[in-house]
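The following pair of complexes shares a single chain, chain A, combined with chain B in the former and chain C in the latter.
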Partner chain A sequence: MIQSILDAISLGGLYALAALGLGLVFGVMRLVNFAHGELITIAAYMLVVTVNLPLIISLLLTVLVTAAVAFLMELTIYRRLRGVNPAIMLIASFGLSTVLQRVYELIFGALPKSAVVAPFLNGAFKFAGLSITISSVITIVLTVVILLAMGYLVEKTSLGLQLRAAAADFRTARLLGVRSNRLISAAFVLSGVLATCVAFILVVENPEVNPYYGVNITILALVGIVIGGISSLRGAALGGFVVGVILSALNTLLGNGRVYAYSWLFLLVLIILLVRPGGFLSKGSELERV
Partner chain B sequence: MPLLEVTDLIAGYGRVEVISKISFSIEAGKSVGIVGPNGVGKSTLLQAIAGGISPSGGSIKLDGVDIKGKKPEDIVRLGLSLVPEGRQIFSGLSVKENLALGLTGRKDKKGSVEAILKMKELFPVLSTHENHQAGMLSGGQQQQLAIARALISEPKVLLLDEPSLGLAPTVIDDVFDRLKQIIALGTAVVIVEQRANLVTTFAEETLVIRDGHVQSRLTPADAANLASLEKSYFGAGE
Partner chain C sequence: MKHGGYTKFSLQNLLGPLALLTVATYFLNGASTSLQLITQFALCYFVMVLALQVFVGNSGVLSFGHGSFALLGSYVSGMLTAPVHIKGHALALNQLWSFLVPLQVNIYVAMALSALISGAVAALTGILLMRLNGLAAGIATFALLGVTYNIFFNNKQIGPGSQALPAVPTITNTYILLLIAALSLVCVYFFNISRIGRTILATREDAMAAPALGVSIFKVRLIAFSISGVLAGLAGSMYVHVAGTFQVQDYYLDFTFMTLSMLIVGGSASIWGALVGTVLITGVGQILLMMEQNLPVFGLHITIPLGSRAVIIAVTFVAMLLWRSSGITNGREFSLDFLKKLSKKN
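Presenting the complex of A and B:
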């Protein structure tokens, strides 16, 4: 039971991180970046490929490469599309996602690559007579630390203030001097850093990395963003968390029926959206903006 | 040499030309009013000067520097701030945070603390409500916040788009009193207004815009005897 709760919280935390990465970019660009999944994938590949290096070096390399891919994604594709119809940007992000999957296939092959990343995180320990996996505890600790750091960045720093202002009204933020290119680049780089965190946690539990590795979690994080309220980072993170917890709970409760876990999840999402169309953290007025 | 010199400015949205060949100039410590009915291009003119939209022709010189087509975030650093229509304060952020955002446009970050103190002195209401959400302020307080936020970058030229919008008459007087103080400190102020009488009396020169071009130029002396003429231009009432 305790293990199930821990699993639910850690999965929720993981989805919250993924949703936060998506939410950051959406905030400043009104872009749902489907290619965020491919940032998670490249980070996972990097962790597996550099597994023989000391963990800290491997992590640093991974962050650098993933943030660079995120940065280049914006510089080469999205920057040129800024100001066009949001639907076009959405399609572009689908396209970019597919292209990156093909590129990964070319570089790393279609078959999964795997390696045991951070082996000390596998295994379990006894606590009050219960067996608890180390990874679930580490995931929770890591998630809390990252969320707190992100919270500090967004709430207390000048960059965070600019991100919040730009998310609310980019035009006015620019009139006040917020440099649009720099700020959007920063949001992408941050989303790359968050994608690395997500990939690290994922890879510890499932080291079989294929070109579609990050797709699933990205779609579920998007669901989280939608039910949490797409226009606030807090809502995005909370929505991601809720989706993770629900999914984990469904997996436990449904037993053999867990193949239907997604169906139940989406049914719940539908109900939530019928009751609160703007997400549960939204105010009524935010509806038409989405 | 004038501080801001707009010559034959042409701007619009997409292929629709909203303003055609508008020219005016303003010197330090002076004010220019811009009046005209709804939809004649007053806001477009301000947006084109501040970089919100890219002009398709003409020239804009700020203190001798050509700013036409520059990004708004660069123009504010060169010393021109716009208080946009409807104030556009960040209602979800605190008053303090709104003011801090104004600092992003400062060229010299050193004087930031002093600049904020100066604004609080000029608009005392802002320090009383410092930690409140800006959206909780009254309309007049929000207008003061919007002006203070634009002034924190210490612009040479301040553009205001309908500062009286949605405000009670006594509050409007208060806002214009503050503007007088700001002008006295040497800032050049351009005010777009629907309330023609108010701004014609206030500003040294007032442009009447009609269908995207300057129809006439008024001075405060014209305000009184032109009142009836204006009625014919703008229809009954303001």
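Presenting the complex of A and C:
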């Protein structure tokens, strides 16, 4: 029971991190970056490929590469699409996601690559007579630390202020002197860093990395940011968390019917959207600016 | 999507796409057996892209849910026409509800039924979905696709689950498929220039002004969604009668993105765009496939490395969006007016 609750919280935290990465980018340029999943994938590949190096160096390399891919993604593709209809941008990000999947397939092969990353995180320990997996505890701790760090960044620093201002009203923020190019690049780099954190947690539990590794979690995080309320970072993280917890709870509760967990999750999502189209942190049904 | 669309009947707008559809089918169909099959699949895709055009193109609301209607159409058509002994004995179908086994109708009756059932389901789900706007609508339609796929993939009482339903009778005559596609095109054209069609364009162009003039956004979107559900069901049904098997995986993410890409590359605001997108993406894909296999393309031998085809298609797609985000046709209908301009210059 305790283990199930811990699993639910850790999965929720993981999805919250992924949702936060998507939410950051959405806030500054109204773009639902589906290719965020491919940032998670490249980070996972990097972790697996550099497994023989000391963990800290491997992590540093991974962050660098992932952030660079995120930065280049913005510079080469999304910068040219600014101000285009959001539906077109979404479709373009699907296209980019396919491009990256194919490129990964060419570089790393279609078969999964795997390696044991951070082996000390696998296993379980006894606590008050209960067996608890280390990874679930580490995931929760890591998520809390990252969320706190992000919270500090967003609430207390100048960059965070600019990000929030841009998320609230990008045009006004620009008029008030926020440098849009720099801010959008920063948001992408940050989303790359978050993708690395997500990839690290994922790889510890499931080291079989294939070109589609990040797709599933991105879809669920996307669902999360929409039901949480896409126009605020807090809503995005909360939405991701809720999706993770619901999915985990469904998996526990449904027993043999757990193959239908996604159906129940999506039904819940539909209901939430119909009751609160702007997400559950929104005030009533204001018209979306998208 | 600020331009595109049309309000008056114009013969060239209708005959242009019909002519391209017929001529392309005629030439490709006769070329070789493998091209014939590609043509047949392309005709199915075209009907699907038309379905998307009616809703996504005209209303400006993105839908990822149309794969569910295609899946449903394909399922209904496949189950109603697959031979009884197959349904009763195939290993993939051993848990099937017994009342489903003896059901059997004529292939064209099955197609009509699948279109109607898909349309009905679209209308019912639309009552809920059409209340949403923007991104929420996109995610909600995606949720619909997720639920449909999840149920059909896992439930072995209603269908083959993750396996295939074999031995679905096929339509081998390409011209029957062409006829269906052409009829769909004509229907969509007359719907688009109808009063309701024009009203939907109005809601796409200005979601504030249209309601102020007494238009119910919900109502017109629901009508478009239902009609596009009918067409998506028909497309799914055509697909299953070309492929000869029903498989749930055929109508999931790849299918959804491929058909949406066709619409957007061509230009989502027009029928001409839907057709150009379908022809282009199918054509480029096929040419690259031939290059990969070192077959001559228009008499030229250009070889590209194995596996690079998918990369090239995806890169082209993204580059295309960067170059012209409202599609190659810019959402305009087919027109010969440029000829007049040319002759005036001379």
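Convention: the second predicted complex is superposed on the first by the 286 of 290 C-alpha atoms of A that agree within 3 Å, B and C clash if a C-alpha of one lies under 4 Å from a C-alpha of the other, contacts with A are read in each partner's own complex, and residues count from 1 in each chain.
Quick note on the criterion: a contact is a pair of C-beta atoms (placed from the backbone, for glycine too) under 8 Å apart; a residue touches a chain by one contact, two chains touch by 3 or more.
Predicted model only: the values in this text are computed from it and were never measured.
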Joint occupancy of chain A by chain B and chain C, clash or fit: fit
Chain B versus chain C as contact partner of A:98, first or second or both or neither: second
Vertex chain A angle, Cα centres of chain C and chain B, expressed to the nearest 10 degrees: 90
Contacts of A:277 with chain B and chain C, given as first, second, both or neither: second
First (chain B), second (chain C), both or neither touched by A:205: neither
Superposition-derived comparison: chain B or chain C, residues of chain A touched: C
First (chain B), second (chain C), both or neither touched by A:77: second
First (chain B), second (chain C), both or neither touched by A:230: second
Gap in Å between nearest CA atoms once chain C and chain B share a frame through chain A: 11
Residues of chain A that lie at the interface with chain B and also at the interface with chain C: none
Touch list for chain A against partner chain C, complex: 32, 77, 80-81, 84-88, 90-92, 94-96, 98-99, 102-103, 105-106, 219, 222-223, 226-227, 230, 259-260, 262-263, 266-267, 269-270, 273-274, 277-278, 287-288, 290
Contacting residues of chain A [partner chain B, same complex]: 158, 161-162, 164-165, 168-169, 171-180
Parts of chain C lying in touch with chain A, wherever the complex brings them together: 1, 60-62, 128, 131-136, 138-140, 142-144, 146-147, 150-151, 154, 257, 260-261, 264, 307-308, 310-311, 314-315, 317-318, 321-322, 325-326
Chain A-touching residues of chain B, taken from the complex the two chains share: 50-52, 71-73, 76-77, 81-82, 84, 88, 90-93, 97, 100-106, 149-150, 153
